[in-house]
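Across the two complexes that follow, chain A remains constant while its partner is chain B and subsequently chain C.
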Partner chain A sequence: MAAALEAGSDFTDRPWEDPSAKPFIEFQGVAKSFDDVQAVKGVDLAVYKGELFSLLGGSGCGKTTLLRMLAGFEEPTEGRILVDGEDMAGIPPYRRPCNMMFQSYALFPHLTVEQNIAFGLKQDGVPKAEIADRVGQVLSLVELEAQRKRKPHQLSGGQRQRVALARAIVKRPKVLLLDEPLGALDKRLREQAQFELMKLQDETGVTMVVVTHDQEEAMVLSTRIAVMHEGLIQQIGTPSDIYEFPANRFVADFLGNITLIEGTVTAVDGDVVTLETPEWGRPVQVSDNRAGHRPGDRAFVAVRPEKITISQKGVTPNSIEVGPVEVGPVEADASANRAAGVVEDLAYLGDVTLYRVRLESGLIVEVTRTNTIRGARRSVDWDSAVEVAFRPDNALLVAG
Partner chain B sequence: MSRLSFPVLLAIGFGFAFLYVPIIVLVIYSFNESKLVAVWGGWSLKWYGELFRNEQVLDAAFLSIKVAAVSATGAAFLGTLAGLVLARFGRFRGRSLFSGLVAAPLVMPDVIIGLSLLLLFVSLAGAIGWPASRGADTITIAHITLTLSYVAVIVQSRLAGMDQSMEEAAQDLGCPPVKTFWLITVPMLAPAIVSGWLLAFTLSLDDLVIASFVTGPGATTLPMVVFSKVRLGVSPDINALATIIIVVVAVAVVTAVLISRRAERRSAPD
Partner chain C sequence: MAGRRRPLTGGAGKGAVTAIPYAWLLLFFLAPFAIVFRISLSEPLIAQPPYSPLFGADGSYQGSFFNYDLVLTDEIYRLAFLGSLEVAASSTLFCLLIGFPMAYGIARADAKWRLVLLLLVVLPFWTSFLLRVYAWIGLLNDTGLINTVLQDIGLIADPIRMMQTQFSVQVGIVYTYLPFMILPLYATLERLDWSLVEAAQDLGCSATKAFWKITVPLSLPGIVAGSMLVFIPAMGEFVIPALLGGPDTLMAGRILWDEFFSNRDWTLASTIAIVLLALLVVPIVIFQAAQQRENR
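Then we have the complex of A and B:
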């Protein structure tokens, strides 16, 4: 990052928005088939220098195949892969400027931590003194100096993960590839390791490509995310782009919780689209027409749970009200889309409470509410009759 | 550990007795003073001394060990390659045929292996003049054929349990494939190769049938000497010889088991 800051351009943090920026890694129409199965179907992708780019998707979406093609373990059936302007076709893994951290870590069991890390440098014929020097540096970076003489089987899971990372970065590759880097760690270690990865990226400025199925991990780590499904890229964008402006129904559904309401467009007035939807019960207005919908189109209104409010509508016997009920600005907003429903289920998650509200049509609307007041009794409980509402500018339209 | 009930203890006792009482009797009688095999005449090391003065037995033992060591080494080499091909080269054309052929000696009767190899050697000698005479060399080759399947099976199962990404990691770090094989695959396979070698050594040392078929004049292995001696009547020095063989084989097998167990524990640390 430091080098980029010196350049002083407006695009330093967002090189993908700069039309003159040169991509560092490029996939051009890359496809890969195994026997008769198409794992990757025509991917175009540009990753810029210093990015931490995530390939996100469920299992079998082709993300790992894409990474393995970049590392050189698979050759594309079609298309080209360029790294720093150089075509990678026919270059074996041991001559590529990439190093990979494997999902299983793949530490050599018969070598010590130190020897594991030094392995790559030895292959390059780096002088012994320099090897010792650089191994020492990365060992202190991952805080494993005390374990340098241990064998992998004598380390904890978190320590093994750090050895694998150290081994991948010690050669100072142009590109660092990480295959589910935090998948085998428990939740607390994972959070810590996430921040360590980001710190590492800031310090070294290395371009990283991460494969993950964990949307939270991708959101925390990445400068940009490519969401993949069935061998195709569904959307590329920053974490907030993808969360707030999903390109299609798959992306909307894959990242976080979302309520999708199916409807037919009845009117378009500038940015505001009105839909007729039996699921919601009354017409819904959405101020989002990026896709240019016309009256008669089928589309889904997508709303995130935190952008919907829930309020009580009549008191049921098993809810005792203590303390003030929060009333958001949406309550007063006349343009808000409202519907009546019953709380079918709720989950107290500590920081927020998640409500699942069933509307008359049977549609389940997910709503979260931040628990801002300590110890407040719930004003809305199981089986409460409630009203849910969201503002037209907090929802979006996605194609079916 | 749970306490064993009486019927279970009885069953275990009976099982062990069935397996080991004959061997224990043999070992005890190897220290027998008496010249008659079945009559106890007090403790003595006399027959061990007799054995070590018997040149025929010593020569045969030396030949057996030489054949066993050479054939085990050859089998370890070829068997490792076969195991590697079966475990790492994917589904190539003819894989199942190859896999079946490698495993065949495991189930094929020794008589058939011996006879077929004998026919092969005889016709080869007729066709290309080699082997000119049968003896230690032909026994060694026959034993490699027999034991390489055991090594291949052990190596293959070890490779199947081994994470392939380690070899990929080595290549990713700049190590070409052949070097990766020597630096990563072989060290990780070492326990399997060593236990395969020990097993092949033991099998070769024990073999009587195949060796009898493919041997020629002048090459007599230890099992052949024992067998011919017994046919003339059991002399007490055979007991001494058998005891020594039991000790050697037991040490080899126990070592092989210990090595592979240690390797397993290491690859599965948690």
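Then we have the complex of A and C:
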């Protein structure tokens, strides 16, 4: 996750922060109903040239419908879609400057790899010599020259995914649409394919819109992510924006693990909000009042597991018997929110260990600790009485 | 290794399972076929049985291909086979032209309607085939429903002659065999991944072009299977031309019937049956080859 965050924040070109920048793809109040089901309920969205934009959400959130409307397979019931300034209303899929990579890949089973890739160029009446040239180019880009004469069913899953990608990019579309591009690949292939996609984007500069339900995929790939739920966009932002500053409870919960502590605001002092919360046991302070909460408001304190520390109760981390233990800045911080609990469950994941701590109120707090020292003995184990703590500036407040 | 279960394939069990269809084919197809073929090599006799023995009293072989010579050279048989071929081929084509849009429509219909529509396709089978063919007589007759209605509304003065023509035979065959075309076509179209058609459109095909470039090639197995199911029985069809056709309707099935029941010439009837079979084996072989190419 850490690497993903860096990839997001390292992105220096931020056209969406420039008010004079012209969006390349625009959804203006787009809504779509199927019979009596409203799949998309009014979406405003601007994607800039060269972005790799992800629509992230669970199944049935409307992300695929949004993509299909952009591709021209569905017409919006309301609103407009503009690509490069041109209104797409009534323009059939075959005249749109978009090419799509389908979730199922949709490779033509009766054609070879080469014929599949050449299909779109042939439709456009591109001269034969040029077709051969361009097909050869993309084949070498996706490293499938040896498989050019094969039929799709003779290829592995990863190869099929690359053929689908090659077929979509060979026409040099203005916009490349990818529907769950890596969903059918196993974990190792997926990681490799993610970096190939990013490389492709660097090389071609094509604007990509990706639909995915996989938050990690969206984090790794995207310049920006739109999190969707029930036909509405919940938040648009860079991966780190969305992870560190979720706009609401749904976004906070959807991306990564998070502990949500429900409470009532008792005091607001500038940025610092104090909440009374039976779940935590004592007042909690949070340095986040973007939403402008006032005393009496109900709100959730949201803390990521890696931003909470865990230590054996009554023992300062330094004095634990075996092996050195890292001391976080929290231990010495008097302002930190602390609570006592018992380790109910722990999972050793190699790079980190995940603890699930049950507080007296029954609230489960998730804590991860990076295993920075090789072979260090766990100072905290199952059923240990522990203290969990987090700093006010590492938590945020989200509305209920 | 003791607890290891024996694989399901291989061994005596597999042999027994495959033996059943083989035995069935041997008993009910190959044996009758051998009998028919043996009769076709004899000469007709007014006796019991009405054909000459294959081996004389001295044990000499007496069979000949005399009947085949006759069937292949005599104008009347050639015309009958050609007539059957023509009717079967054109009926298959009409069934395809009518059946494809129907199958396509059912396959693309809302899931809750599909079963109802399919049921409607097979619904005629719930009535006797003969009754349904007879019903066509009532429709197509000079005094039938179609002619009287057209006369009543003043569209025609004299009835249009439809019964006992090539037309009525064609109508009967197309009507009867249409479900056999629709069902396999539906089966392939229903399994067709529609995202392929969308992909073709996405890559620059109009809906019509995507249909010809993707839908048709991918439904070829269904087209071939449906065509076989219509063409093969239509080739040997006897009842429909007998009921709806005129005396000038020459078809192999009718000639066969006449030779067997009217002429009591079992040998010639058998010969016609064998020639018919040979004519049908050709398209089946083509079908097999097409399927093998598909699987490759």
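Everything below uses one rule, namely that the second predicted complex is superposed on the first by the 380 of 400 C-alpha atoms of A that agree within 3 Å, B and C clash if a C-alpha of one lies under 4 Å from a C-alpha of the other, contacts with A are read in each partner's own complex, and residues count from 1 in each chain.
Going forward, a contact is a pair of C-beta atoms (placed from the backbone, for glycine too) under 8 Å apart; a residue touches a chain by one contact, two chains touch by 3 or more.
For clarity, every value in this text was computed on a predicted model and none was experimentally measured.
Colleague: Judging by the criteria at the top, classify the pair chain B and chain C on chain A as clash or fit.
Modeller: clash
Colleague: Thinking of the overlay built on chain A, is A:Arg167 touched by chain B (first), by chain C (second), by both, or by neither?
Modeller: A:Arg167 contacts both chain B and chain C.
Colleague: Which holds for A:Asp124: it touches chain B only (first), chain C only (second), both, or neither?
Modeller: both
Colleague: Of chain B and chain C, which one touches more of chain A's residues?
Modeller: Here the partner covering more residues of chain A is B.
Colleague: In the overlaid three-chain picture, which partner chain does A:Asn99 touch, first (chain B) or second (chain C), both, or neither?
Modeller: A:Asn99 sits against chain B and chain C alike.
Colleague: For A:His110, using the defined touch cut-off, is the partner it touches chain B, chain C, both, or neither? Pick first, second, both or neither.
Modeller: both
Colleague: For A:His153, using the defined touch cut-off, is the partner it touches chain B, chain C, both, or neither? Pick first, second, both or neither.
Modeller: first
Colleague: So which positions on chain A get touched by both chain B and chain C?
Modeller: Dual-contact residues (chain A): 71-73, 92-94, 98-100, 102-104, 106, 108-110, 119-120, 123-124, 167, 171.
Colleague: Across the complex, what residues on chain B touch chain A?
Modeller: Against chain A, chain B makes touches at 163, 165-166, 168-177, 179, 184, 187-188, 266-267, 269.
Colleague: Within the complex, which stretch of chain A touches chain B?
Modeller: Its residues touching chain B are 71-73, 92-96, 98-100, 102-104, 106-110, 119-120, 123-124, 151-154, 167, 171.
Colleague: What does chain C use to touch chain A in their complex?
Modeller: 193, 195-196, 198-207, 209, 214, 217-218
Colleague: For a test of understanding, state which residues of chain A touch chain C in their complex under the given definition.
Modeller: Residue positions touching the partner: 71-73, 92-94, 98-100, 102-104, 106, 108-110, 119-120, 123-124, 167, 171.
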